[in-house]
Structures are given as C-alpha cells and as structure tokens.
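Read from first to last, the chains carry the letters A, B, C, D, E and F; within each, the first residue is number 1.
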Amino acid sequence: MKLVMAIIKPFKLDEVREALVGLGLEGMTVTEVKGYGRQKGHKEIYRGAEYTVNFVPKVKIEVVVASDRVDATVAAIANAARTGQIGDGKIFVGDITHTLRIRTGETDANAL
Amino acid sequence: MKLVMAIIKPFKLDEVREALVGLGLEGMTVTEVKGYGRQKGHKEIYRGAEYTVNFVPKVKIEVVVASDRVDATVAAIANAARTGQIGDGKIFVGDITHTLRIRTGETDANAL
Amino acid sequence: MKLVMAIIKPFKLDEVREALVGLGLEGMTVTEVKGYGRQKGHKEIYRGAEYTVNFVPKVKIEVVVASDRVDATVAAIANAARTGQIGDGKIFVGDITHTLRIRTGETDANAL
Amino acid sequence: MKRRLSNVEPLLTAGLAAAALLALMVVPALAADAPPVPNKGDTAWMLVATALVLMMSIPGLALFYGGLVRTKNMLSVLTQVFMIVSMVGIVWVTYGYSIALGDNAGPYPGLIGSFGKVFLRGVTPSSLFPTFTPGVYLPELVYMVFQMTFAMITPALIIGAFAERMKFSAVVVFMLAWVTFIYLPIAHWVWATPTPDDIVKAAAELAAATGDAAKKAAQAKLDGIMDGSGWLWHLGALDFAGGTVVHINAGIAGLVGALMIGKRVGFGKEALAPHSLTMTMIGAALLWVGWFGFNAGSNLEANGVTALAFVNTMVATCAAALSWLFCEWGFKGKPSLLGMASGAVAGLVAVTPASGFAGPMGAVVLGLLVSPLCLFFVSNVKRLFGYDDALDVFGVHCIGGIFGAIMTGILVAPYLGGTGITDYTAKDLVGAYDMGTQVVIQCKAVLSTLLWSGIGSAILYKLVDLIIGLRVTTDAEREGLDVIDHGERAYNF
Amino acid sequence: MKRRLSNVEPLLTAGLAAAALLALMVVPALAADAPPVPNKGDTAWMLVATALVLMMSIPGLALFYGGLVRTKNMLSVLTQVFMIVSMVGIVWVTYGYSIALGDNAGPYPGLIGSFGKVFLRGVTPSSLFPTFTPGVYLPELVYMVFQMTFAMITPALIIGAFAERMKFSAVVVFMLAWVTFIYLPIAHWVWATPTPDDIVKAAAELAAATGDAAKKAAQAKLDGIMDGSGWLWHLGALDFAGGTVVHINAGIAGLVGALMIGKRVGFGKEALAPHSLTMTMIGAALLWVGWFGFNAGSNLEANGVTALAFVNTMVATCAAALSWLFCEWGFKGKPSLLGMASGAVAGLVAVTPASGFAGPMGAVVLGLLVSPLCLFFVSNVKRLFGYDDALDVFGVHCIGGIFGAIMTGILVAPYLGGTGITDYTAKDLVGAYDMGTQVVIQCKAVLSTLLWSGIGSAILYKLVDLIIGLRVTTDAEREGLDVIDHGERAYNF
Amino acid sequence: MKRRLSNVEPLLTAGLAAAALLALMVVPALAADAPPVPNKGDTAWMLVATALVLMMSIPGLALFYGGLVRTKNMLSVLTQVFMIVSMVGIVWVTYGYSIALGDNAGPYPGLIGSFGKVFLRGVTPSSLFPTFTPGVYLPELVYMVFQMTFAMITPALIIGAFAERMKFSAVVVFMLAWVTFIYLPIAHWVWATPTPDDIVKAAAELAAATGDAAKKAAQAKLDGIMDGSGWLWHLGALDFAGGTVVHINAGIAGLVGALMIGKRVGFGKEALAPHSLTMTMIGAALLWVGWFGFNAGSNLEANGVTALAFVNTMVATCAAALSWLFCEWGFKGKPSLLGMASGAVAGLVAVTPASGFAGPMGAVVLGLLVSPLCLFFVSNVKRLFGYDDALDVFGVHCIGGIFGAIMTGILVAPYLGGTGITDYTAKDLVGAYDMGTQVVIQCKAVLSTLLWSGIGSAILYKLVDLIIGLRVTTDAEREGLDVIDHGERAYNF
C-alpha cells in the first residue's frame, strides 16, 4: 500500500475530494497546514510594526491506497487541484507496510 | 523503526495516550485532522443556504517505535480506540530510516 | 527522495525555516501539533475542576529532499532548533517514492 | 400634522376652540415669551439614546455582519462600518444636518433643507429644538447628534449586501455620495417638521380669527408653516423612527448593489458559512439593546409615549425572534440561533415605523408576521432569483421595513389598540381615523423611497465603478479582503 | 410596609400625627386630587435601567455561560438564553404581568394576582404606577417592561445547571411552565405591594379617627390595603432587587435540574474546560454594568437611595471579585480570571437583596464574605456530592442569594451603616430595629422560595421528561448540541 | 474659578454688582436656606454616565488591549484590568475619595485632601455635592461613584505599556501604590474645587462690602475659599474630563514602566501580531460609547454644555479615526482597522480635556491633527528609540493627552468657537480671553503631571522590583502569562 500525501490550495479541497470519491476511494484524512514555497506570503502592518507572513495556508490530504491505484490517485488529485498558478502544491508518495481498521480489526487492503 | 499513524475519534485520545504510556512509549505527536470515510458528516443551514459538512473531526496520533514494538503498539491503540461504531478510524504503519533527538543529538533507537 | 519530519518548539520555526532556505531548500510544509514526551504539560484549574494538560504545543515541519541532502537537512534543522532544554523535539526520516508538482506535472527531483 | 401630541390630547378633543386655550395654558412659554427651559430628564434620556444608537452601529451592526462573513473578510466588514460611522459624523456636522434637518429656509423646503447651519453655524449649547410636544424643547445639540447616529447607521446597513467583494476605496467614495444624495433628502422628506408651538399658535389664531379676511390670513399662515416641512411628512406618512428613511432606503440600495456588483466567487458552490455566530449573536443583542435608543429616543422626550415605543420595540422583537425560530423549526427542520437572531432584527426593523403608534398587542402581531415573510425572502425568493445579497440586507431590512411601514397604517388604528393620530391643528380628532387613506399614504412613502434610493443608488454605483471600479480581483477575493485591502488578519490564534 | 420611604423620613419620626400632616403636605396630589405627573428624570432612568437589564441577559449572561461550555455547545447556550428572553417577553405581556404584579384584585391577593390586565388590558401610555415614595409615579408601561426583564433573566439563569446535555425542545417547554408556575407566584409574593399613597392616606385617617368605631373602621381599611399585597412582602421580608425571586429561585431550580438530568458524559474524567474565557469575561463585565439597572433601577426613581443601591452594587462586586481572587490564590495556588469573574457575579448576587438597605461598608463586607463561601460550594461541596451543576448556578446564585438575603437582615441595621426600615404607616420608626426578628423573616422568605421552587421545579422536570424527554442521546451529546439541536456551528475559523 | 458657569452667564456679564443679585435670585436656596433638591434628570444622567465609564474599563479597555496581545497572554490582560478595577473600587471608598476629592479640610488643601471621609464617613443617601452651576447639587454618592470609575480606568491604562511580561503579583502591588501616591494627589490638584455657591456668595458679599476693612475681610473670605481648592485648578488649568489626571498621567507611567521592565522576548525579531483585532474593535467601540459618560458626564448635569461635550466627543473621534486611516493609507500603503481604532482612541484622548470648552469645529480640527502626531510617535519615534511600549500607552495616551491639553487652551477661545472662560467671581468676563496666558497655564499642568507621575512611578517600579521582582522568567514569558500566572488558557476551541 502507498500513502499519497498532497499539499493543495484550500479552496480546491472539495474538487479533489470529489475526484477521489469518483475513483472509488472511500477514505481520506485532511489537515490544515501552512506552506512555504515559491508562492510568497504577504505583509501585515500593525501600527508601527511590519511583519512578513512567510507561510500561506494550504491543505494536506493523506490517502492510503493499494499500490496499484497510486497512479490513478495521483492523477486524479493533480487534475482536480491544478489551477496553473504558482502554489498549486505537491504530491508525495511513500510506502505503508500495514493497515488496520480499528472498528473491525480488518487489515491491509481490507482496511482501506 | 516504524511510524505508527493512527486516525481516531477525538474523545478517545486520552485513553489511547494512556495505553501507549502503559506500553512504555514516552513520546507521541498529535494533530487535529478532518476525516472522510464511511462515517458521514452533517448538514448545516444558515438562513436559506444549506451546506453538507463532509468531514468529521478526528485526531491523528503519530508515534515512532522500534520495529519490534510495532505490533504491540498497534494492538494497544486499536484496543483503546475501539468503540465498535463506524468512524473508529485506521492505523497505518510505515518505515522510518533515521531518527534524531535534537536536544542531545542521540540517534535512532536512543532517540525515541 | 526522503521525507524529513521534524517536531520542534514553535518559537524556533523562523530560525529553522531560515536555516533550510539557507541550504537552498525552497519548499516545506508546517503543521501545528501537540506533543507528548519528556517535557511535561501544565495544570489548569477552572473553578473547582483541575485539569492536567498533557500535551505541549509543537510545530511539525515536513520537507521532502533528495536523498543526498538528507544529512545536511537534518543537521541544519537540529542546529537551528536546539536550545538544549527538554522538549527540543525529534527529527524522523522516511522514504518518498514519487513526487509531483501539481502545477507543471514535473516529477521527482524536479518537483521539489 | 401627524405626530401624536400626547400631553394635550384631552384638550384637543374639544376641537379648535380648545386650541386657542391651549396656546395660553399648556404652553405658557408662548404666552409669556419667556424662553423655554429643556427638561433635564429629556436631555438625559436623549443623550443616552444617542449613545445607544452609536452602539448599534459599533460594535452592534459591525459584529452582527462580521460574524456572518468568512474569517478572511472579518476586518473588512468591521473597517467599513467603522469608517462609515466616522465619515458620516463629519459629513453631518459640516453640511448634512443643515441640509437634512437643520434648516427649512431653502427654496424647496418640502424637498431639501439648505446651507443655513453648515458647520453648525449658530448652533450653541443654548440653542433649542422643539420636540413633538408643544412647549417642550431639547438642546439643539442633542437633537443634532441624535439624528447624526441615524445617518451613521443607515449606510452601514448597506454594506451587508455586497460584503466580501467590494473594494474598500469604492466603499468610501460610494458611501460619501450615497449619504449626500440619497440619505439627506429622504431624511428631510420624512423628518423635517415644523415647530409644534408654531402650529398650535397659528391654529389658535385661526380659531380666534373673525371675518373672512382675517380667517384667510390666518389660514395662509398655518399653511405656510405646514409647507415648510418635508413633503412626506406633510402628506401624512407615519414613520416613528425611520422605517422608510433607514431600512427601506438601505435595503433597496443594498439589493441594487448586490445585483450590480455580482455574486461572490464560489457563491452557490462552496460553503460560505458564517465564521462566528457568537459574534453575530453579540451583534444582534447589542442591536436590540441599542434599538431602544433608536425607537424610544425618536419620541425626543421621556414620557409615556416613549415608554410605549420602548415596550413595542421589546415585544415585537420577542415575537419576531420566536416566530422565525418556530417557522424554521417547522419548515427547515431545526431551530437555529442565526434564525432567531435574524428574526429579532426583522422584528426590530418592522416595529421601527410603528413603535410609537401601535399598541403592544399590535406590535406582537407585527413581530409574529414579519418573520415568516422575511424568511421566505431570504431563502426562497433569493434562491429563485439567484442574487447574492450576502447578508440579506434586502430580505430583512427592505422587506421588513416595507411590511412595517404599511402595517403602521393599520396598527395605529385606535380600535386595534393603536394611538390614533392627533393633529396639532386639532382638525382630525382621535377616533376619526381612516385606515384606507393612511395605508395609501404609507404606500406612497414606501414607493418614493424605493424609487429615489433604488435609482439613485444605481447611478452612484455605476459612477463609482467607472471611476475606480467596484470590485476586487478574483484572486484578491480568494485571499480575502482583510489582507488585500487592510494588510491585517482578524485572528492570530 | 417595609420599603424605605426616604423623602418623608424626618417627618415620620414624629410618629402617627405627622402622617396626617404628611398626607396633606408631601403628597399634595392626594389633597388636591390632581393627577400626578411622572418625573421625566425617573422615566429616563427607568428606561435605561430596563435596557441595562436586557443587556444582562443578552449578550451578558449568554456570553458568561457560553464561554464556559465547550465549543460544540456554544450555540445551544446562546440560543437557549435568547429563546427564553423572547418567550418570556410574550408571556409577560399576555398574562405574566397581570398575574404577577399588575393586578391585586383576585381572590388570593397574598398568593397570586389575577387576569385583570391580561394582554395589557387598560395599560396605556398614560397609565401610572406608584413608586416607593408617596406621590411619585411612573408610567405603568415603564414599570411593566422593567419587571419584564427580571422575568426574562431568571429562567435564563437556570440553564447553566444542565448545560451541554438538555434537549432544546425540553428547554422550551420546561421554561414556559417554570415561568408560569414558579416565577410568577414568587414574584407576586415579594413584589406585589400596595400604593404608598394609599397607606399614607389610610394611616392618616387612622390617626385622625376619633371614637372606637371610627378607629376600627380606619384600621380595617389600612389592614385591607396591606392584605392586598404579596404575603412575603407583608411579612416584612426585605428583598431590594430580587435575591429570593431571582437568584435563590433560579439557583435551586438549577440544582434540581442538574440532579434529575444527571451528569454530562465524561464528567470527572475528560477535561471539560471552558472554550473561551474571553467570552466569559465579556459576559461578566456586561452583567456587572447591567446590574446597575437591576439593583439601582429597583428603586424606581432616580434619587439618593438609587445612588446608594448603585454604590453598593459597585463595591460589593469589587470586594467579592478581589476576595475570590485572593482566596483562590491562597488556597488553590493561582489567581484566575474565571475566579475573579465568578467572584464578581457572586458579589452581584449577594448584594442584590441588600443593595438599597446596606451601607457601602456593609456591602464591602458582604462582598468579602460571599466569595469564599461560594468558592467552597463550587469546589468542595460539589466534589463531595458529585452533582454536575455544569456552570455552578447553585453554588453561585443559590448560595450567594441565600447569604445575601440573610445578611440583608443584618446589614440593614442603622448601627451597621444600613438604612434601617421605615414603615409607611409610621408605626416602626427608624432605629427601633430588631435584627433577630428581621433575620427570622429573611429566613422564612428564603425557605419558602427554596421549597416552592425546588419542589415545583422537580415536578415540572419530571413531567417534561415523561412527555418529551429531557436529555439528548450520548452520541448526540458527544457530537455537541449545536449541530444536533440547531444545525449550526459556532465558529468556522 | 475657571469652570464654565453656563446658566448665569448673561447675568455675570453685568459684573460684580450682578453677582450680588445672583446670589439672591439664581440661588434661592442660599437665600432661603432651604436645602437644595437634586434634579432627577441630573441624577439619572450621572448614574448612567458612571455605568458607561465602568463599561469603558470592563469590558472596553480590557478587550481593546487584550485583542492586541498574543493568545497566550490574553487572560493576563483581562485579569489585570479586572483586578485593578476591583481593587481601586475598594481603595476609593476606604480612603481614596476622601484624600482626592471628598475633603478639603486638611493642612495642605492645595496639594491633597484629608481623612475626613475615610470609609465614606458622613456620606449618606441624602448628602449633596455641588455641580458647576450655582445652586445645582447632586447626591454625593453619585459624584463619589462617578469619580471612582475614573480612578479605576487610569491605572488600567498603564498595563498596556508593560503587557506580556510583568508578574501579576507585581502588578497588584504596584497599582495599589500608584493609585495611592500618584493618582490621588493629581486628581486632587485638578478636580478639588470649591462649591460654586460659596464663591458666588463670597463675591456678592465682596461687592456689597463698604469700607476698606469690610472689603478686606470679604476679599480674605473669597481668597480662603479659593485657596481650599487643588492648586492646578486654582492656577486656572482647564481640564474638562481628565486629560492630565487620566491620560498624561497613565501615559508617562506606562513609558517609564516599559523602559524599566525592558523589551519583550523576541521584540523586533518575532512577529508579535495581535491575536484578535475583532476584540480590539469591540473594545474601541465600547470605549467610544462609554467615553460619552466620561466626557459629557464630567459636566455633572444634563444640560446644553453636557450636549456640547457629547458632540465634541463624537466628532473629534470621527475626525481622528478618519485621519489615522487616511494617513496610514497614504504613508504606509493600506488603511487598517487597527489604525482606525487607534485613531478613534487618540481622538477620544485628545478631546477629553477640551470636550466642554471647544466648539464642535474646534473638536474636528483637534481630531484631525492628533492622529498623525500619535501615528508618528507609535511608529517612527518608538522605532527610533527602541523602547517596547507594547500597546502604545505613551504614544496614544500621553502624546494625545498632551496635545489635547495644550490645544484646549487654544480651542476654548470664543473667536475659535470655544466657550470661553467665565469666572464665578465675575472678574474675568467672557471674551476677555488671553490665549497666551492660558496656554502657558496648560503647559504648567502638563509638566507637573509628567514630573510627578514620571518620577513617582519610577520610584514605585524600583521598589516593587526590589521587593518582589517586576518580571517573569524568559521561559515563563515564552509559555505565556495565562498559564504561568493564572493557570488558565483563554481559548479551547
């Protein structure tokens, strides 16, 4: 199994979720994160003091899939999340060696 | 070493923490996340507008353990987190190749 | 490629970011997390009721780097994040098998 | 003259002859020509009422609206309301008061005031202003600043319609123009009234006049006094505290704005849920508390009619809040806080024109009815036509205001527990109330407001759009107005 | 008649003979039979006081409570308070006012009013209501709406006890019943008082009566007047602004509710920390500010006694806030904001019955003592018995109220700086104060309230439980009442 | 005597002879020796004003400040403000009032009061206190509690300067000492005034005196009365509502504190962004609303001058808010909410001393000018010198206060629309106004305040530092004062 971890623009979350559901993936986990990259932050001034906010709000989607579905998953996310503008984000893929569904005790592919 | 990553129901956090501590694990990292899965969200209506909230609040626990303790760890989490109802969550296990304790510079098993 | 995941003290975030940028790393993703470890939390009392807050606020930095840059990356983070006091945090390294830049479709090393 | 004249009511029922007597008895000031002394109780009440109306705008309205937008636009709402309040304060003392209410000496006294009191010329701590009771006066500065707060809140109401997408610079320019060209005239039409003492005196002279010539002269004098007042008031429109001037006016300007600026990015697709209903609740509660100043303060005195306006404001709001809650519970499945708060505001809006005229039970009925009507507009009608009146300025303020204005013509009826209308000239007596006529007058007032404000606002939006543009870019809208327009974020938790 | 009669105090010391004089001198209205005219300063003050008491409930109490619950239940608290306020407003004008305070003409005038003023029948802008000073009247609408706000806040206080677990529908039904069957009678017992003018006049006639028959007749008349009042008041219970009617009453109803509904899921195991002490602080501060309307408004006039009640409200609260802060610092290790805010509320509760009777130094002592007592209850006693009075309605309002009620009987003593008690009939003179008797009377008032409200509430809870059920399911409780009951979330940051 | 004496102004222009007449006519109380009766309108207004000033501190100032600190220090700000308010309330009734304003019978009446009214000895509900109009009195308890709220807010202002790093215990001790040794004397210097009636009477006797000896005696009597007043007031310093006593005083104490305690950890390196500008906006709005009580309440009556102070408070604030907004827009690129709110507060500060003296247009000018000045201080000057006045107590309150105090000397000029100065002794007449002299007097008042408060505060900080230490450890500062000092967190979302 593989962990597909995508960092995307927050307002793209719903489209990406729909794309994954369309693929038959029934589970995913989402985290609000802050990203640093080519897309730059903004300046804020509070009375005298000026602050540069280096991080921009992003959303991280983690979805564990069977290894053979990785490519489709990555493609679906990329298509749904793309705006073509700087800051669209990244997709990283890593390995998962075990999976367990807590409720039932099912493991691995059955647990996804 | 292995990274055990568990997505659980928020109100189970304390029980899971105690179970892990009971196992002699002295460190873990917790993130508030939103999960999508079989457990469905709810509807919200604000004046005329109706929104379906697809995600439910979950907690993600990440704990890195020596490889030989993975099974015990997974079992402990699963036992503590189980309610038997939809949405109890998942446990995923992946590999960790290096570990470092920042304070002391200790590495790998010593750093856990 | 490797995923370097560091759990650090929140007020060290800017120094660590600068250290990574100094190394030529142009992207990273940051999450606010709660940590449990040797550093203990505090007590809160609300009227009669006493609560022990077991978790302390931490920041998790995730940065994916080419495998040959792992050591430099880990060292840079460790140096910038160290205060020498309990709770300085951990650095974990895992494998990443694929990477994709959503905007351009570039993959792997080119996508970092 | 259609404002209730409570203190002299019993006398007035005796008709014109009584009026002569009255001039000598009830208003000794006139007889003796000694300057009237403001009652300190009235002054105290009106100062408090003024502070309460300011509190309605900031923080009240700002929070009510602010809680309903997304986090990234919170500060833009707060800043816009705060800016409008401040700008209108300066407009008011420089030329607004004079043009709207301070001076009926211009060439078209029915339509607009004139520049006689620009920069508050001649308004000193000892200047007096008449209340609605003959012989009772307030320090003019009190009246001036009380009315200022009405001019502040009205444009601030509008911003809810085009929230989350209009440029801050455009808001500044538009609002300056809007207050000047839309608000000031309408306020004049409805609220520029003659001094009751003058009417009473003239009516007494008319009554005392013998011989045709004398009668004609006296009548002409009385007519002259009446013609010096705003045309809607002269027509007999009843608007105790500003249903037309404030709510219908702002509501229609909001709708026009929402239509001309267009929908928010993501409207109808993404969830645009309120970022903090807690703030919205605080805002609604402070609006309610402050509205006592608005409605009961509009009596300009602290007496039994003030108490009536106060009570009506209380019970209409209770009724409307409950009514929205239960309608929503019945029709949409769940009783929500936002619904309850919206109902409270709808009730406050509806009772505004009626507050000093309806009886408490009439106010309860008004409240019970206004909520389902507004609920229907903010959900069904809005969905049907697909306009993005972001915070329902039209659905609540315009619709609630129209309903309240028309119902005022009904609920004022003595046989429905209303106060009836007493004429200072004692020609129309209590009881001789013609509901049909009054409702027609009310509709005229509503229509004139809709037309002037609707068309006028459209022209102003268009002009501002041509000159500086109304709307931010899509990217800016996504990022949020707080960072884009103001360089700040509301929260750093 | 145990309410202080400040203006005529010096005269009264001359005894019964003076009373005759008084009726002619101080109350010329009675002599001349001219209708009394309300003082506009009084009217202004009472209108403001009313607005302040509304502000205590919303947003004050709603935020104070709301901040203490978890995020997921925030809106349920806000909605419950808002709903109660609105519902009671309608109850009050339809039948509540008549039954509680508007009408002493029923068959059991000591126990309950009657339906003479349902739907505010006969209450017009020119109706008057007596204050506590002979010859001084308020517009009745002002009195009516001022008292309405007391009826609004009392049931709202209760919800803190069973917060985070009671069904919204159950709250609606329970509160409607509770106000009707518990609040209205108790308010009548304590606050349904005769017109001072009537007493003064009757006392004067008694003094002037010669011959046994005449004396008897006069005495009977006086007795009749007194018997027309609420029995607790007649008994001589001192409760300036509602220690029994509001705080003990709500506090015991809360405890009974907490016991009958049971503990929250996770109580004692999970952390149930307040979600926003910022909101709690705002609430506490607005409660304090609004409480001036509550306590000083209860004098119904704007005079020196009003000032005394105002000052006592200020200093008792200061003292209690400090006292809780330092007790907590000493006994629990850290001085907390929540402690300080709780102390302030405890002080406000305790000074409520005493506010117009104690001297300022007495109020300070009262404040210093009430905090450790309440702190002991909300921490130790609550832990000992293990009931889940979620927001400490019992520990703060009931205990603080009982303490304040009893201490009122002590602090009113002239030799402790209190005002003493002057009888309108001039039979008890200032100085002839019997502390023992008074404290016993105070205890009787406390006990009757505890019994009626405690038992009555238990019955009502049980009935509601049988009919629609009091509590949500465990799953719903875990999810939070906001989403379950209201379909909304408080925050979307 | 430099306070405006509005009601008798026309008479006074007739000079000394008129004063004799006046004593008999306008102040019949004095002639007939009947006790004056407070006007209920005045009493109502002043009670409301008092509640408004409390609302300025809590929740107003607490939120304004609290929103500007980081989440982890929110409760520390709220608790400090709440604690100061409570502590000063007790200080005031035990000895503060007596020492500052209650008693001019001590050995140095120009410098300090005495212990005659400790524990409010002799202050009963029937005690009266003179207003600024001869013959007009308030219940002394009202005056006492109104002034109490000024003593509460002044030290609370200071905490903004050393926010986020001072130990709670140190704040408690420092503030107790500061109020006692710095605030009470300065309040006395400026606000301990003689009874106008006494002056008028003495002036009349002087005018009536014939023969050198009689004249001398009469003059001595008049001088004696004047010498019994605070020295700054006697000097002729104009400070309508507390520019010196409150704002300059607190502002300089804050700067000294910020310097002595040192910068926050991370100052200049880490982002120390406000955690909730929403709270700051609520605070600013409530400060504005409450400030009407502060400024217009300072007239002690509800009349035309009260209205003037009210209007000036309104328009100066509007002008200053706009002015800051546009200056920031022009010079820093974006118009911010924080800027607008800061401008509003700067305007409120600046108009405080001038509120009853300037004309409305003068107040507008004052507001327009104060904002760029304060903006320059909080950004450029602060950066230049590198002190960490965390919430800009010096830059806004001290600088704004100084500017307002000096401008008061200018704007009071009748030819600039000001009210001019009328002397109760009728020696200086309206119009005979010498701006140069007055500005010099104003500067003296400013300087004395800066010196006494600056040096005095430095000594007190040092003492507290030696005894218990001023500052928390670096680790504690990183963790946040909420958890460290109070064992709580502000939010648990």
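Just so we're on the same page, a residue touches a chain if its C-beta (ideal position, glycine included) is under 8 Å from a C-beta of that chain, and two chains touch if they have at least 3 such contacts.
Computed from a predicted structure; not experimentally measured.
J.: When you check each chain against chain D and chain E, which touch both of them?
T.: Common contact partners of chain D and chain E, which must touch each of the two, are B, F.
J.: Consider the two chain pairs B-D and A-D; indicate the one with the greater count of contacting C-beta pairs.
T.: B-D
J.: Compute the distance, rounded to whole Å, between the mean C-alpha positions of chain A and chain C.
T.: 17
J.: Rounded to a whole Å, what is the gap between the Cα centroids of chain C and chain E?
T.: Between these chains, centre-to-centre, one finds 56 Å.
J.: Please tell me the distance, in whole Å, between the geometric centres of chain C and chain F computed from their C-alpha atoms.
T.: About 51 Å, centre to centre.
J.: Among all residues of chain B, which ones touch two or more of the remaining chains?
T.: Within chain B, the residues that touch at least two other chains are 14, 31, 44-46, 94-95.
J.: Please set out, as single numbers or ranges, the residues of chain F touching at least two other chains.
T.: Counting only residues that touch two or more other chains, chain F contributes 39-42, 44-45, 48, 273-274, 276, 282, 333-334, 336, 338, 487-489, 491, 493.
J.: Pick one for the touching-chains graph, please: line, ring, star, complete, other.
T.: other
J.: Which chains touch which?
T.: A-B, A-C, A-D, A-F, B-C, B-D, B-E, C-E, C-F, D-E, D-F, E-F
J.: For the complex, which residues does chain C have touching chain F?
T.: It comes out as residues 11, 14, 42-46.
J.: Going by the contact rule set out above, which residues of chain B touch chain A in the complex?
T.: Within the complex, chain B contacts chain A at residues 2, 6-8, 31-38, 54-55, 58, 60, 70, 74, 77-78, 81-95.
J.: Show me the residue ranges of chain A that touch chain B in the complex, using the header's touch definition.
T.: On the chain A side, the touching residues are 1, 3, 14, 17, 26-31, 64, 94-103, 105, 111-112.
J.: Which residues of chain F touch chain C in their complex?
T.: 266, 270, 478-479, 483, 487-489
J.: Contact residues on chain F for chain A in the complex?
T.: Answer in residue numbers: 68, 271-274, 328, 332-334, 336, 338-339, 342, 378-380, 382-383, 392.
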